[in-house]
Amino acid sequence: MAKSKVVSIDEAMEKIHSGQTLMVPGFVNCGVPQTLIAAILERGYTDLNIISNNTSVKGKGIGKLVHANRIKHITCSHIGNNTETVEKVVAGEINVTFVPQGTLCERIRAGGAGIGGILTPTGLGTPVEEGKQVIEINGKKYLLELPLRADVAIIHAYKADKIGNCIYHRTARNFNQIMATAADFVIVEAEEIVEVGELDPDIIVTPGCLVDMVVQARLEDRDE
Amino acid sequence: MNSREFIAKRTAKFFNDGDLVNLGIGMPTLCLNYLPEDVDIWIQSENGVIGLDGTPKEGEYADPDIVDASGSISTMRVGGCCFDSFTSFGLIRGGHVNVTVLGAYEVDQEGNLANWSVPGKTVAGMGGAMDLVSGAQLVIVMTMHCDKYGNPKILKKCTLPLTAVNEVDYIVTELCVLHHTEEGLVLEELAPGVTVEEVVSKTDAELIIPEKIGSME
Amino acid sequence: MAKSKVVSIDEAMEKIHSGQTLMVPGFVNCGVPQTLIAAILERGYTDLNIISNNTSVKGKGIGKLVHANRIKHITCSHIGNNTETVEKVVAGEINVTFVPQGTLCERIRAGGAGIGGILTPTGLGTPVEEGKQVIEINGKKYLLELPLRADVAIIHAYKADKIGNCIYHRTARNFNQIMATAADFVIVEAEEIVEVGELDPDIIVTPGCLVDMVVQARLEDRDE
Amino acid sequence: MNSREFIAKRTAKFFNDGDLVNLGIGMPTLCLNYLPEDVDIWIQSENGVIGLDGTPKEGEYADPDIVDASGSISTMRVGGCCFDSFTSFGLIRGGHVNVTVLGAYEVDQEGNLANWSVPGKTVAGMGGAMDLVSGAQLVIVMTMHCDKYGNPKILKKCTLPLTAVNEVDYIVTELCVLHHTEEGLVLEELAPGVTVEEVVSKTDAELIIPEKIGSME
């Protein structure tokens, strides 16, 4: 019988350290792993390198890490929804690397799928092109974009079974699935943890083999 | 009808029945109020959904897991579906989005667009704009013809950091419709009461003026 | 209200022509669009360029097109399950281009997602490398693999609603989803056609926007 | 226990509890009969499934939509899941498959494998073998030490078209276990009653013979 991957939040936090690179899903503040972020804050981890699409909104979700000065560098597509992130970036307190959102998706997926790089027209002739190799194929130019990986990915699932098979709810899926493929260690928080077998094999989005630990998400960590 | 609504009404006429359309935040969403009769479109949002259907009505359940491109809670129509960001941008970059409508800081006669960065002023990031502009089949820029100081926004050459090169198809303003072709920017339609001279005087870009110019409605 | 995409098999067949490039999903003979293949045979279309993972087994599925000499060229990963395909390839009656299965997936998905090419270590130092650009990144070598597209993709769904949203059953999903993204025209045959709204938005695999036509699959076309 | 079973039994000892394992068609699937106690593995098949569980038992429903890598109807265990081929090879190529076990036509001291093409004889195609060998964390080749004519299959250099270069980790035969390291092929274990001399005489590859050699069991 397959072993349960369900652990306490304390056990999960042993896998995170200051200075690590973390993948944190979420679009604005939807689909963000609120419980794991609260636990990271509580544990005092700092100097984090964050790979995320954005930084939620001021004081919420990933914005809590911004507010508490736990982030050294962010690789993301957008910070405009969080005025505090913008202030700290302008003040030089957080470094940021902007990546077009679709390219960010491709780079994370490449990191998780053993792809050495992908060619895209997105960003050609823009500041995104700087420092990158341009490859021409049949007269059409493309930027060569390289894979991204992280030490740990923290994931927010709607339901996870005890061996880590996950499903997501509506647009809360966003970056969760690809980030679960591209980190050395994957921690899932689930709104509901169910028995193995309760999820139809055809609707599982993240196979349990990608997941190392499952924790129960806490309702009190969820932003209103 | 104010200028923004006038622009939205004209822009909505570009949509064909069944189109998958991505509308940028702000003015582009006004297009939904002016859909032509018999034209049913599907709204795609880059965060992973087809079939967004506006903010929840009073008394309707507001699901925090259904958000639009600005992160605001939205509803979905029957027949819509959700998927992850990777799949979403696969659709966008693969040319499966029929129309993308965006705002502009600047747009130029080479079809270049700048709408994400004003160095020294904002550091918002490009989000999905570069992907949308380089991926969608039809790229429509909706913008007031001049900025709030009266300076032209339609230029010979953009000065701000670009969103994409040579991707804009149409520019719709309160004065006119411009079509970006291989030959350059063609003045295709004029708003009622607007003259060619007025458009030319408020435009930095060189315009191609055809013999017959349509009327914006 | 959205328009129904459900058509007769005859209407769907108007979109196919001899000499076209068709994407045909299936792994061995699972998940193959049997009804559309039967209709193509009946119509007499020939000189087809097929992109598929394999050619089913002798006399079944894609093997029917092989048997009836309708195929000019196949791009696939494997023909070993169909002795008749092997014979015709050896006899020079069908041309074949072998692509590693994972690379085939990536190339089709690239074709459907606007990716100009992908870098993979698969095939390095093997016959697959021939004629391809080798790109080195941080001392590691990769093959540059280019996108694949087709004129028409014929898809087998478990259920489709009337506007083309599709779900698949178990391992019959295989190449169906990516092929539906990478063709100029997409025809779905569904075991069951349901009303719009009957499929949960979270479990839809192929969004209807990718699908041009939906036809009812016929039980009598299914290989036993 | 015949030679094939003996090889399978030893190979199965490479599996750790919870491993995701891809077993090639034929001899590799025999490993399932020899799983160590307390080791529960998940079988991944490249057509898009985790949790394959053997052929349907008599009277059990045979679902034609659940097939294994040979296309034969299979069953799934509780907790397994299905996905598309693209996702499947993302798992394989992304290093998420812990172990892949395959047969060989030839394998050499540089860790090269040839198992998909014999020019002039077969034109089967490589299927997913190249992806599995270049992507999986641990690559184990199961093979009879010599071919049916008594010729060595473990060579200095493969002569057939390769499946992958420098990817093989272990070779398990009825005579021995060979470990491919940066230094070369190390003779790590001998089958009961087999001598170093016998292995060397039946092997074309150069072998590194350590002072202490384990016993295959």
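As written, the chains take the letters A, B, C and D, and residue 1 is the first residue of each chain.
Everything that follows uses one rule, which is that contacts are C-beta pairs under 8 Å (C-beta built on N, C-alpha and C of every residue); 3 or more make two chains touch, one makes a residue touch a chain.
If you're wondering where the values come from, they're calculated on a predicted model, not measured in any experiment.
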Mutual neighbours - chains that touch chain A and chain B alike: C
Higher-contact pair (C-beta pairs counted), C-D versus A-D: C-D
Gap in Å, rounded to a whole number, between the CA centres of chain D and chain C: 29
Averaged-CA centre spacing for the pair chain C and chain B, given as whole angstrom: 34
Mean-CA-position distance for chain D and chain B (Å): 55
Touching two or more other chains - residues of chain B: 49, 76, 82-83, 89, 93, 134-135
Where chain C touches two or more other chains, by residue: 106, 109, 114-115, 120-121, 168-170, 173, 201-202
Pairs of chains satisfying the touch condition: A-B, A-C, A-D, B-C, C-D
Residues of chain C defined as touching chain D within the complex: 27-31, 53-54, 57, 76-81, 86, 89-90, 96, 98, 100-103, 105-106, 108-109, 120-128, 158, 168-178, 205
Residue ranges of chain C in contact with chain B within the complex: 1-3, 109, 112-115, 161, 163, 165, 181-182, 196-197, 199, 201-202, 204, 207-210
Residues of chain B that touch chain C when the two form their complex: 17-18, 20, 40, 42, 44, 49-51, 76, 78-83, 89-91, 93-96, 134-135
Touch list for chain A against partner chain C, complex: 106, 110, 114-121, 135, 137, 140, 142, 144, 146, 167-170, 173, 201-203
Complex contacts: residues of chain B adjacent to chain A: 45-49, 63-67, 70-71, 76, 82-86, 88-89, 92-93, 112, 117, 122-131, 134-135, 161-165
